[in-house]
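Comments concern the structure below.
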Amino acid sequence: MFPFVDGFQWTFGHILFLTVFGMVVATMAVTLFVVIQRVLDHYRKDRVEHVQWQSDFHDLSEMDRRCRHELAGRVPRRECHNAFDCGECREHPKFEKIEPATTALSLEAFGLDFPADRLYHRGHTWVRLEDDGTMTIGLDDLGKRLLGAPDRVELPKPGDEVSVNGAAWYAFRNETPVRVLSPVDGVVVATGGPDQDWYLKVRPTRANPNLAHLLRGPEVSAWLRRELERLQILVGVTGAGAALADGGALMEDLPGAQPETNWDGVYGKMFLAP
Amino acid sequence: MAITRRDLLLFGGGSVAALPFTPIPYKLLDDVSIWTQNFPWLPVPVPGEITLASTTCTLCPAGCGLKVRRVNTRPIGITPAAGHPVSRGTLCPLAFGAHQLAWHPLRLRQSRMNGQDAEPAAIAAKVAEAVGAGKKFAILDERPGRAVSSLYRQAAAKAGGVYLTPRLEEEAPLAAIRALCGEGAPEFGFDLEHARTVLSFGAPLLDGWGVPGAMKLHWKGRETAFIHAGSRFSPTAQLAAKWLPILPGSEAALALGLARVLVDEGLAAKVNGLDHYRALLNQMPLNRAAEITGLKAETIAETARRLQAEGPAVAVGGGDLAGPLGRETEAAIAALNALLGAVGREGGLVARRALAADAADLAPATPLEEADAGSIGVLLVEAATAGTARPWKSIAAKLAEDALVVLLSPYNSGYATFAQAQVATPAFLESLEEAPTAPGAARHSFALAPAVLEAPETAVAPAEFLALVAAEAGWAGLSEATTESACRARAAAIHASKRGSVFSIEDASETKVSEIGSADELYSKLAAGAVWVDDAPAAAAPPAVTLPGAAEGERQRMLTAATAPVHGPGGEGALVAIPAAWTGNTASGVRVPLAGKLDQESLLRALPGEALIHPATAQRFRLKQGARVRVEAPDAQYLATVRFSDAVMQGVVEISPGETEALDLFASTHGGASRAVRVRLGRA
Amino acid sequence: MMANTPNTATAAPVQENRKIRRFGMVINLDNCTGCGSCMMTCAVENNCAPAKEKITDRTGITLMRVFPVNDRQPMPVRQAGFVPMPCMQCEDPPCELVCPQQAVELDPLSGIVDQMPQRCFGCRYCMAACPYHARYFNWYDPEWPKGMEQTLNPAVAPRMRGVVEKCDFCHGRLHLAEDQAAIDGNDDYTYTPACVEACPTQAIVFGDLNDEDSEVSQLAKDPNSFRFLAKLGTEPKVYYYSEHEWRRNLAERDMNGNASRNEGKEA
Amino acid sequence: MTGTITKPAAIATVEKKWIVRGHERCSTARFMGWLAPWIGLLLLGLYATYLCFRYGLGETHLDNRFGFGLWIFLDLAVIALGAGAFFSGFLLYILKWKEIKAVINSAVVLGFLCYSGAVAVLAVDVGQPLRAWFTFWHPNTHSMLTEVTFCITVYLVVLTIEYLPIILKNRKFKSIPSFLVFEWELHKLMPVFAGVGVFLSFFHQGSLGGLFGVMRGRPFAFREGFSIWPTTFFLFVLSAAAVGPSFIILTTKLVEKITGKRLVKQDIYRVLAKTTGVLLTVYVALKSLDTLLWLNSTSIRAGVAPWEFYEFRPFGHATLFTEIVIFGMIPALLLLSRRLRERPGVITLGAVLACLGVVFNRFVMTIQTLALPTLSFDEFMIYLPNWVEYAVFGGVIAYAVIVYSLSYRYLNLFPQEMELQLAPKEVNDVSVR
């Protein structure tokens, strides 16, 4: 077979055979090489969290990947292909201008507390732009009720960097870890916690932070309605199926009220970390 | 520096990635595959120059010449001896593997008595003690006619005992002829070489009679018609010019039927006693012969006419690998030969030149069957490694109670389970052996088989053991006797006769005995691997032959043998068993280790212990292929494995003898009538 | 690193001036008495071990095998005989084509289909491909009773378990003849395989089919000579001879018509 | 910790953390109970393997006539069924049929198990497995088996690479950032591997057929063809591609049955069933044509009477009828009909018949080919495998079940599982082709 083995004679068969298999093996080797190069590149550029979000987003079910414009009723069916990064989305600017966040507006929040002065991330966090140029990050009301009273939280230390769609902090409820996604890029300047209204204060890493991916104004209501529906289904299927609402409003401590539910699964869905 | 898990992982990963670039995996792969090509447990043959050593096969009575291919002292193969006057450059399959017999797994390396290792001298003392105590002494010599046999006969004479010989099938018809010739008749031999038509009564002329392939070679380029009458579709039957498929046990009826045709049609040669024989033949009309044999009457008539028309013709009795014919059947066949004028004629039965007697003072050779039942108190058996075996029952019947049986054999097999003492003797090729005249041969011969291998130190040659017994028992003249001395005596007798010539295997040269200076010279020639062959029979007037059956009782016995075959109607589940093979497969010795190539590893022969049966017969007994079945004869039974063969006659089961127990099935018929026996089949 | 890789039979390139032989056989079926001497001597010559107890006719190693055959007529008019079957040494061997690792090779000098057990990994594809069932697998390691390994023929290496082997016309003897010829400086040699030497009726004629004058090539051209399954196009170099039609008819499977048989003989 | 025994409950708690987030899986104890008999079977298989390696293949009922037996037959069958992996890869990555995404992970795992299992059995089946690499060192480029060996080896590597991302997606593994990043990048380039897999599969599935088609000495198997490839080459590729989707249907339905969960949407089954239907129709047509050609020309020229092959019981004419009509035409028509495809029962039946068909075809090609006599004095031979052969193969089945069960439990084999868990009814938002 090989030229360096005794008595070898080249034939057409050898040439064809070696060429074909050489090409196959070469293709596979090159591909693997490229993969490894790209992995190293991600490490070099510190894009691990970004990749993680991409990967998680990829794993979300189709139902969970609906475009915000579909939720808001601007388009009948649309699946997001951009990992919820509307700033990078080509289609996004084509839709009508989206209202800015304003206190003047009150949102239909189905008995929940969703102030209109903030921008909402689809991972159930909110961002409030402070006058001093910092941003306050907190858990929205649905997120709070989902976690109830967490056993503990692991917050970043001031000076740590958080990146958009990367982990902002971890909360634990009943031994179930919840990775809460950061709505924005920034450097932590102060930390709050479950006892306070907010969790993190961050200083944006860029002068002009891209906030296009955050929900605001009336679309928050549309999104919230969809989230409550999802929750209903999730709990209905994975749990005992009892009503979550206590006299019309959602209960304060959902896991406490419904311990039989697989909250781990619910958190994965609701906090976009499958 | 702290080592983190990450470091370890990196190190591991890096090592794995780098491994293909080191020689380690390739070296490992290489070494492993080389190991598979040279597994340490595989023997490696030691190279060396191949030399040839001439000797003679002594496993069966045929006495074929052979050369042992050797590397140093190790035998690595067997080659036929070209031009050998007895074997004509042929060998049987077993001979080709015979050089491995010395290492047979059943090899007996230590003499034993009562289940314990014992010195041969102790066994000899025991024998002498028993003889001294008045027990009747006997020696069963499975290979009679040797020079050593004369030592046995001397011993038997000294001890007042008997010297027993087995029945050699090829010799039985010759003995029957001799009986027709009256007192002082010569010994006869078959001269098949010059016959034009040969009718065999079950004799396996093409697959086991004499030396292998002999007939094919004899008849090459000659128009020899070979007619075979037998119940088995054996190779001989398959290759015969004509096969007469007779029912089991009907050989005598066929012989009488043929005789009847010859006599009735005036085709018979001039012989004495035709009148009384006609009285016998009158009771065997052709139709009756046809009915008993299962042949058409015309077939018998045509065969008889053909034998007469296409002479010289000869009938060969003597049974075959399927066991002996009865005495009466042999007589009927001898009578047929007489009627054909084959006695004393070239191409028929020729008178052998007589061989000088070895010594005086010999006990007569008594056929085993003729020994008195229950008479023997001490029995020495010298077992043949291959060759004809007999059912142990036929021996046991002759033994007194508490008889001491001593087996002289290199193997722990055959009669070993019945012997109180076993003397470990040298195996084939390990000691000087001799090959006397092959049974049925027209000329006497004598070959020596020099030792080619070294015998184990513990092995004692039969003659040496006899010397030990003689020393203990005080038999004069025997205690110094050895195989060599006996052979020297035989050589001296041959030299004195000045007859025949000596063929040396080594250089394929022939020397007339008359040209050899001394008896010692003749001996040393023979001892280097040579064979002496007597001169051709002298032309002489045919002896006067008298047909058998002069006495009414004898006629009655012959008629009974012919008309009471075993295949008649029997009870439900009855059928006839015949042995499917005799020589080689079963013996008091062992099978050649590689013999499995012929039966176990191929379908050439029936496997020992198999019961061949026609599928239709099997269906009658609801037997499946491969089933274990109990074959029950009147006073013996045997467990066999069923194998279907549509070449087997319906209502017949062919037993391929595995152990001597299989032969016991046929023991009840052994002495007299036939080798066919009525049996029942039962589930194992 | 790979210096010790399995041996290669292709080592010696064909020297231009060397005589090219086509060793072959003509087996006279009329002479075969089915005694089995060829099988025994073959086993001895080629260092086949005595069979283990579990071995049957379907798992044994009989490089030369004698098959009992008959004309499939009912008894007692049936005619029967024997067919000794060594490897047919096909000129276009189907086994060589299929072996994935070149453990089978048609020797260009002798025309013998060589089997290299040292290289064989025992896939048994060649056994499936051989229509003559001439290939045998070592289902176990060979085992000799204690001491019997002394009787091994030094010209032939015993095979290990898990490899295929077959008749190679006594390659050991050929090599001895070749070595002797090389010493003598004489390329005009022949030799005798063990089975040919052993056959008591001299039913096997062996020699160089390329040599027009040899007995074997004369016999091969005899109208009574035939080859088995000639229609498959394997071009066996083992011919058979019989003066009996029923034996010659064994060459091909019965097509319920005689025409095809004749075609088969010509092919 | 020293000296204390970890309590089962603690094990269960830890074990749960490996399960994909949100997947409902049975208790640890129940899972162990399910695995136990399979582990037993695996151990039996390992014991039988030991027997073969220690004493030799004489421990099986294989013989010189049936050098190929149960193992090779089932290997061929399993490799044909495992073709679902390459063919669904082809549909998803090359033809971009997105629906296939719902089963691709399961298909890859099945493919990996089929191929690795087949290779494991082969390692027992060959007499000298330690010399198997000689094929790479001294390959006979004319041998179909060389091609098979090369392709299967490389394809097994491809399948391993395809399996890797699925494993790395395990909840625990993906929490390791480097695993996650590697998985992500590998996943992005998966179409390259899928393409290589398709190429390799095409050749080795074909060469497996060629294995028999080139055997000139076996007129029952021998086929003429195009260039170096006999017709069986193409028939094997086609039949493997045809039943691959059916096998995915069957395995998925079986997993659904065992777990009591819905794992893929009905329309996925319909797409797969239709694929089988179309390909099987083409296959049956070509197979029939090939059979006619072979009976009327190829076999006659090889000296065998056209119908003699079917004169040996138990392989009568019914064999041919069963292979082509019952296991070919009927499932092809069942799955081809849009109306019949609407009924899940019909899909199951069609898929079962199609899979049986390919298994039966492989059986005929291996076992019947070897059972039939070639020489005029040959006997037709029967071969029955012994327990060692069954046990070794059973061990491989057990291995496959165990690995698949672990994969199902800890990996996301069916991406639609969660969605279907939540969906109160059929969600028909994927357009049906």
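The letters A, B, C and D name the chains in turn, as written, and every chain counts its residues from 1.
One rule holds for everything that comes next: a residue touches a chain if its C-beta (ideal position, glycine included) is under 8 Å from a C-beta of that chain, and two chains touch if they have at least 3 such contacts.
Everything numeric here is computed off the predicted structure, so don't read it as measured data.
Centroid analysis (C-alpha atoms only) places A farthest from chain B.
Distance from per-chain Cα centroids to the pooled protein Cα centroid is smallest for C. C-beta contact counts were set side by side for A-D and B-C; B-C has more. Our note on geometry: chain A versus chain D, Cα centroid distance of 38 Å, whole angstroms. Per-chain Cα centroids separate chain A from chain B by 96 Å.
Centroid to centroid, with C-alpha atoms defining each point, chain B and chain C lie 32 Å apart. We define each chain's centre as the mean of its Cα atoms; on that basis chain B and chain D are separated by 60 Å.
For chain C, the set of residues touching two or more other chains reads 2, 5-6, 8, 55-56, 59-60, 67, 70, 141, 160.
Across the assembly, chain A contributes residues 5 that each touch 2 or more other chains. Counting only residues that touch two or more partner chains, chain D has 128, 131, 134, 137-139, 142, 146. Across the complex, chain D is touched by residues 1-2, 5, 11, 13-14, 16-17, 21, 24-25, 27-28, 31-32, 34-36, 38-39, 42-43, 48, 51-52, 54-55, 58-59, 61-63, 77, 230, 233-234, 237-238, 262, 264-269, 273-274 of chain A. Of all the residues in chain B, the ones that touch chain D in their complex are 29, 32-33, 35-37.
Remark: chain D residues 55-58, 62-68, 125-129, 131-132, 134-135, 137-140, 142-146, 149, 211, 214-219, 300-305, 308, 369-370, 373-378, 381 touch chain C in the complex. Residues 2, 5-6, 8, 52, 54-56, 58-60, 67, 69-70, 83, 94, 97-103, 119-125, 127-133, 135-141, 160-164, 228-234, 249-256, 260, 264 of chain C touch chain D in their complex. The touching residues of chain B, when paired with chain C in their complex, are 23, 26-27, 30, 33-34, 36-37, 39, 41-48, 50, 71, 74-80, 89-97, 99-100, 102-105, 206-207, 211-214, 216-217, 233, 235, 238-239, 243, 245, 592-598, 600-605, 646-647, 649.
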